[in-house]
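Next up: the structures, one after another.
Both complexes shown next keep subunit A, but they swap its partner, so subunit B is in the first and subunit C is in the second.
Here is the complex of A and B:
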């Protein structure tokens, strides 16, 4: 037993920084082809996963209450303290983010182009994400919220496809709006009361100021979630990125918006914005349906994955906005499997895309002779659509139960969007598997997933199945 | 104890996956059958149901008790499920054109375990998990992509409907106990929605008319796989779901009329398909449709649903379908009398008699339903057998002679067991003889041959009306709307209007500032003027304060 378990939070924050340091100074020769720095990256993430497991074992129970606390005083005047804490919800999200990035790193093991840069920025993103999910004070929360954009900006700039300038323009434009509004709101809150995040909804403000502050906070977090009209910059990144690591990181980013809203309003939104919540819910559901429909008519697998992720992000958001905190653990457990599943799907899709480009074969039927890739992709897509292969199955049912009880008509639209986005994935699976013509014979020239990736994906499969049987396996 | 047996069946099924696929299939099938026989003995020998259940810690504050002990009514169903699985193993072993027998047997075994779990379920989540996992197993047993695709689309949709209605009940009642379903009618909402969705879900799972495409698309598979899928897997799960949640049928006035309507359409559709479609595997699928249509009609018209009689009917239907695919024209050298008296014909009569008798037993509490069903079954089976006895077989005579005893073995065994356990049935001998005489007359005259011209219509043989309707009415509009939305929302509105306007506005601002900062008289004048304005404003603000 660890004497002072609070130190685990510091270790969690320090390991990625240490990894960045080692990755930055790692020597690379043409023969090693990036394997040295990649090993550092993988080892760093695995080390942090072990620390996370120990943290899960150390926490007293799996209730949503905050468990460990770590405080650092930065300035005495004005008084600025960094406060970090963890609960079962943020633990689930941290584990999911780490596993998704680990899969992303394994997915780029053959990609030698600027591998050092990829690993360093991926670890930097992980560091920022860890800090964000552990932050309990306004200051560190804001710093990590904004700082995580830097590695993604750099990765998109360096590894994006042909339209990267346009993407970066949209990226900057939308995030500038979110950053400015959140900065303004937090400055006002800091000026009035330097409170911790869990007490923020208790802050006493004048009527107009309350509208401005909560409105700004809402828009800032929504700018990260692909809700209309903010979906456009995220969809642009998704469609124009073929690197699996960058794709995974870009798809983790909206999680920060959902998490921010959950942290700021753990039980209910402030009364002042209650009348506007209905409008937000309607916009969210319309976005779900529209994006699912666009995904249905779109051939691009990246757009289909984006459509699937958008629908689920909004589902989690709507679940979190319900006037109860009973669904919080369901959302956490569901996101755990969901992020792993999406990361695994993206790795296989990226592998197939790379093979397709090198052999100039058509996309249709490319899986027909690849047994491993076909089996693993089928497993993850069946798990993604909600069959009982992961913790999504049971936990999503509880989220649906909450939504259906709250408003049946709205919930039916949500279910329609979920069914449609899931069918999008199934549609593409069969598009990749089923060949109408003789091209199936030519697919013999395509190589299956490398053994190291198969091992990693098998572990991911095992984790999703374990999460179905016992989602609390990593907690005491 | 069934709990132990379930684990034995599960592990034997999993081990079979790792067995070599092309060797020792008989040994592995034998081992699986032994495990099943042990499970049957354990189930029949269990006098008092034990109350052992497994706690599934699904969430921090929520644990689900997995019940693995069938109540008295489900005990017979459990036996029926195991017997039908053993029959599936047997026919898998006989199927010479199926190369992954061990794999398939493993899936049959795990599917049986999931059916047992669904049968024993006392809460929704156990039922829902069993239904979903069984879908994954059956999906894996389909070895053609086109068939897989149709199967998973339909069943994913059905699972989602089931999940949505159970989520509504969970949200309103706050518990997952199936026994409390009866209370739902007292005070809760959305009753019609729940019942209609439940019926659609079971219709899809059991391949009822207008939802039957998935089972028509499995016709390219081998006959043993088709029979397993139609009789021992998802459609059976559909009936288990309906039977488990039958308490919900009473909460809406639409449930029984819908059940009756769809069952009638299914039986008619299946009968016409079985008679007029030429492909033997599609005929087999249509025979499955007739079977499930008749079963649903019993749900609609009968006051009680007898598990024993249903499973007898199911086993008889399974044997009939297996025999239908196997039976072939006897040698042309034989006289008509010898052709009728040969071993194949006797077995055919046995199979048909057991099929029709089991239906009579099943539906006997509603004499009109039983008679109509009997008539339809008689006409369809007589027509099919008459066709089979007059068509060319792909097999040579030697193979047929070799296999006929193996084919006959389960039929004779089941019929002997049936008569042994239902010896009262022999008292109906005048009825049996009369029915068989009518059937033989129908068989020899084959009145449906006058409608042979219908078989030549290409649409009947190759058309897929339901898929066309779905594609035209549902999928095509969704595709069009999706493309229009992409064009309007993403490209026209956001890209060309909002982002383009912001870009132009920024460009305009940059232009203005460049002009202001230019080294010209105008810019110096404007800046001087602005400075003076600010001074005056500051002065007046100060004075006013």
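Here is the complex of A and C:
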């Protein structure tokens, strides 16, 4: 038993920083081709996963409340204290993010281009995500919310194959605008009602300040989620990314928006924005349906995955906006499996794309002779569409039931979008697996997934199945 | 009486330094570029030491030293020392004469030291005016004959500024019969005493200080000068003088012109907003790296002005923090410029540094850190500046100004993103020379200072606050 379990939070945030340091000074020779730095990256994430497991064992799953606390006085005038804490919800998300990035790192093991840079920025992003998910005070929450933009910008810019720089600039500036609005709102809250995040929706402000503060906070978080009018930049960035690690990281970003809304308004949104919530819900559902339809008509697998992720992000957002916190755990458990599943799908898709480019074979039927890839991709896509293979199965049902209880029409539209995005993935799986005979014969020249990746993906499969059996397996 | 002379020791040391530099230049014929650097650094160091030792000694009613002036003087010497060191690398590598640079640097430090401590308008005018004019020597260094037209232009401008300030000082003396800050303030406090000539004189003095700072709409000279002069001069002009002008502006506004500030407040806000917009837009329109950062400097000066007025301890602390963050970052950026060299030539255009990150990863990473810090993105030091500025504006309910600053920051960030794109995302065109270890050392120290300051700023900021409020 650890004497002071609070120290685990500090360790969680220090390990990625140490990893960055080691990655920066690691020596690479032409023979090693970036493997040293990649090993450092993988080891760092695995170490943090072990710390997370120990943290899970230390915290009690029966209480949804915040459990471990680490405090640090940063500035005396104005008095600012950083507070970090954890609960089962943030623990689930942390584990999911770590596992997704671990899979991403394994997915780029044979990518030697700027290996060091991508590992350093990936670990930096992980550090910021860890800090963000542990933050419990206004300023540390904002600090990590904004700070994660830099590693993401660098990764997308260097390895994301985004040929139009104006898209990249807009991506950064929109996010920076959102973060600046959040900062302004938090400064106002700090000066008028110095509260922690848990009590933020209870803060009493004048009418004008309420409009400014809650409006700014809502826009800041929504700017991270691909709903209209913010969907454009996210889709323009995501569909171009061929590097699986960068794709996974770019698709983790919207999670920060959903998480922010959940943390700021766990039960109810402030009265001042209540009238706008209906409009937001309508916009969200329209975005969901439209993006699912575009995904249906689009042949690009990256867009299909993006459309699938967007639909689910909006599902979690709408679940979070319901006037109850009963679904919070369900959202956390569902996201845990969901992120692992998407990361695994992306790795296999990236592998297939690379093989296809090197052999110039058509995409159709490419899986027909790749037994391992075919089996693993089938498993993850079936899990993604909601079959009882992961914690998504039960927990999505609960979320959906919650939505049905509050608004039947809304729930039906959401169901339509979810079914459509699931059909998108199944359709593509079918397309990859079955073909005419000519192309099937040629696929012999394609190599299957490397053994190390198979091991990693098998572990991921095992984790998703365990999460279906017992979502809280990592907690005491 | 003796203490009066002892308190003047930093200035006396600098004067001796100037004298010795001149003597060595005239009588010693085997001088190398390093000779004058070696001499200058000794005098700067001793002068800084003497400043710290006699931090609270006054020289009659002419020069007042307190924690506030000591803080600014110490910072001035520190940054001058860094620039002095880096400049030596440049002069040695090019084997160019360095006397003019170090001579003017010491002369400027002497003038600045007097201006910072000045409690007398004549001394302020003399200190600032003379240093502004002698900058001509710096601008002229290694300038070919055909490019000297803009040197003459600067000379004319500096004389005009000096004359404007002189008119203001003489005008006030004509009506008030004193140069002393305290007596001027006492007189101006009685509203019935005020006539338009007082306002005019005040506007002349403050206007000339703002022009020296390069505040919009008087910004036109700064980016041109910085963009065309040699690297050591550009680095010096972008850091040390701003610190000094800021200190003088605060000192004179608090101790002499406080009763008139309300009348001028709108002007400060207009100048601040103009500087912010012109700075942010100007940085985007440039291809010359030094000009980009000169315009971004204009943005930061604009923010400082907006936050500083009306002056109180909170606004002073905020604007000082913002300025310090800016100067530390600029010092780091210019250190990196010393490392961006190809075939012996220092790179100053955006296209010259395409893909430099692939060959100089540490320098480029540091450049990235400094630029992100300038945007105010956490967890870098710039966040501390942004926090203090935004917090100050929120406390003052100045939400419109807050929106202006945040919006302009996005425009400025676009210019930085372009630099990051060129450095990191584009293929490399040039082969870069091996970087001097000294450049790496300073860059490392600068980055460490930034990181340490942001990890635990409370002790540092607490002491700085105590020093700053000594001006009131």
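The rule is simple: the second predicted complex is superposed on the first by the 470 of 476 C-alpha atoms of A that agree within 3 Å, B and C clash if a C-alpha of one lies under 4 Å from a C-alpha of the other, contacts with A are read in each partner's own complex, and residues count from 1 in each chain.
Operating definition for what follows: a residue touches a chain if its C-beta (ideal position, glycine included) is under 8 Å from a C-beta of that chain, and two chains touch if they have at least 3 such contacts.
Since the structure is predicted, the reported quantities are computational estimates derived from the model, not experimental observations.
Q: Comparing subunit C with subunit B, which touches more residues belonging to subunit A?
A: B
Q: By the touch definition at the top of the document, which applies to A:7: first (subunit B), second (subunit C), both, or neither?
A: neither
Q: With both complexes overlaid on chain A, does A:472 touch subunit B (first), subunit C (second), both or neither?
A: After superposing on A, A:472 lies in contact with subunit B but is clear of subunit C.
Q: With the two structures laid over each other on chain A, which partner does A:455 touch: subunit B (first), subunit C (second), both, or neither?
A: Neither partner.
Q: Between subunit B (first) and subunit C (second), which, if any, makes contact with A:419: first, second, both or neither?
A: A:419: touches subunit B, not subunit C.
Q: Between subunit B and subunit C, whom does A:282 touch in the aligned arrangement: first, second, both, or neither?
A: In the superposition, A:282 contacts neither subunit B nor subunit C.
Q: A:142 contacts which: subunit B (first), subunit C (second), both, neither?
A: Second partner only.
Q: Using the touch definition from the top, say if A:404 reaches subunit B (first), subunit C (second), both or neither.
A: first
Q: If you stack the two complexes on chain A, which partner ends up touching A:75: first (subunit B), second (subunit C), both, or neither?
A: A:75: touches subunit C, not subunit B.
Q: Looking at the overlay, does A:173 come into contact with subunit B only (first), subunit C only (second), both, or neither?
A: In the superposed model, A:173 contacts both subunit B and subunit C.
Q: Following superposition on chain A, which residues of subunit A contact subunit B and also contact subunit C?
A: Touching subunit B and subunit C on subunit A: residues 169, 173.
Q: Would you mind writing out the residues of subunit B in touch with subunit A in their complex?
A: It is residues 56-61, 125, 128-129, 132-133, 135-136, 139, 145-146, 148-149, 152-153, 156-157, 159-160, 163-164, 166-168, 170-172, 189-190, 193, 478-483, 485-486, 489-490, 494-495, 498-499, 502-503 of subunit B that touch subunit A.
Q: Going by the contact rule set out above, which residues of subunit A touch subunit C in the complex?
A: Residues in contact with subunit C: 73-78, 139, 142-144, 146-147, 149-150, 153-154, 157-158, 165, 168-169, 172-173, 176-177, 180-181, 183-184, 187-188, 190-191, 212.
Q: Under the stated contact criterion, what part of subunit C meets subunit A in this complex?
A: Within the complex, subunit C contacts subunit A at residues 317, 368, 372, 375, 377-379, 383, 386-387, 390-391, 394-395, 399, 402, 406, 409-410, 413-414, 417-418, 420-421, 424-425, 456-458, 461-462, 465.
Q: Subunit B touches which residues of subunit A in the complex?
A: Its residues touching subunit B are 61-63, 88, 169-170, 173, 228-229, 232, 235, 290, 293-298, 329-330, 333, 368, 382, 385-389, 393-395, 397-398, 400-402, 404-405, 408, 415, 418-420, 422-423, 426, 430, 433-434, 469-472.
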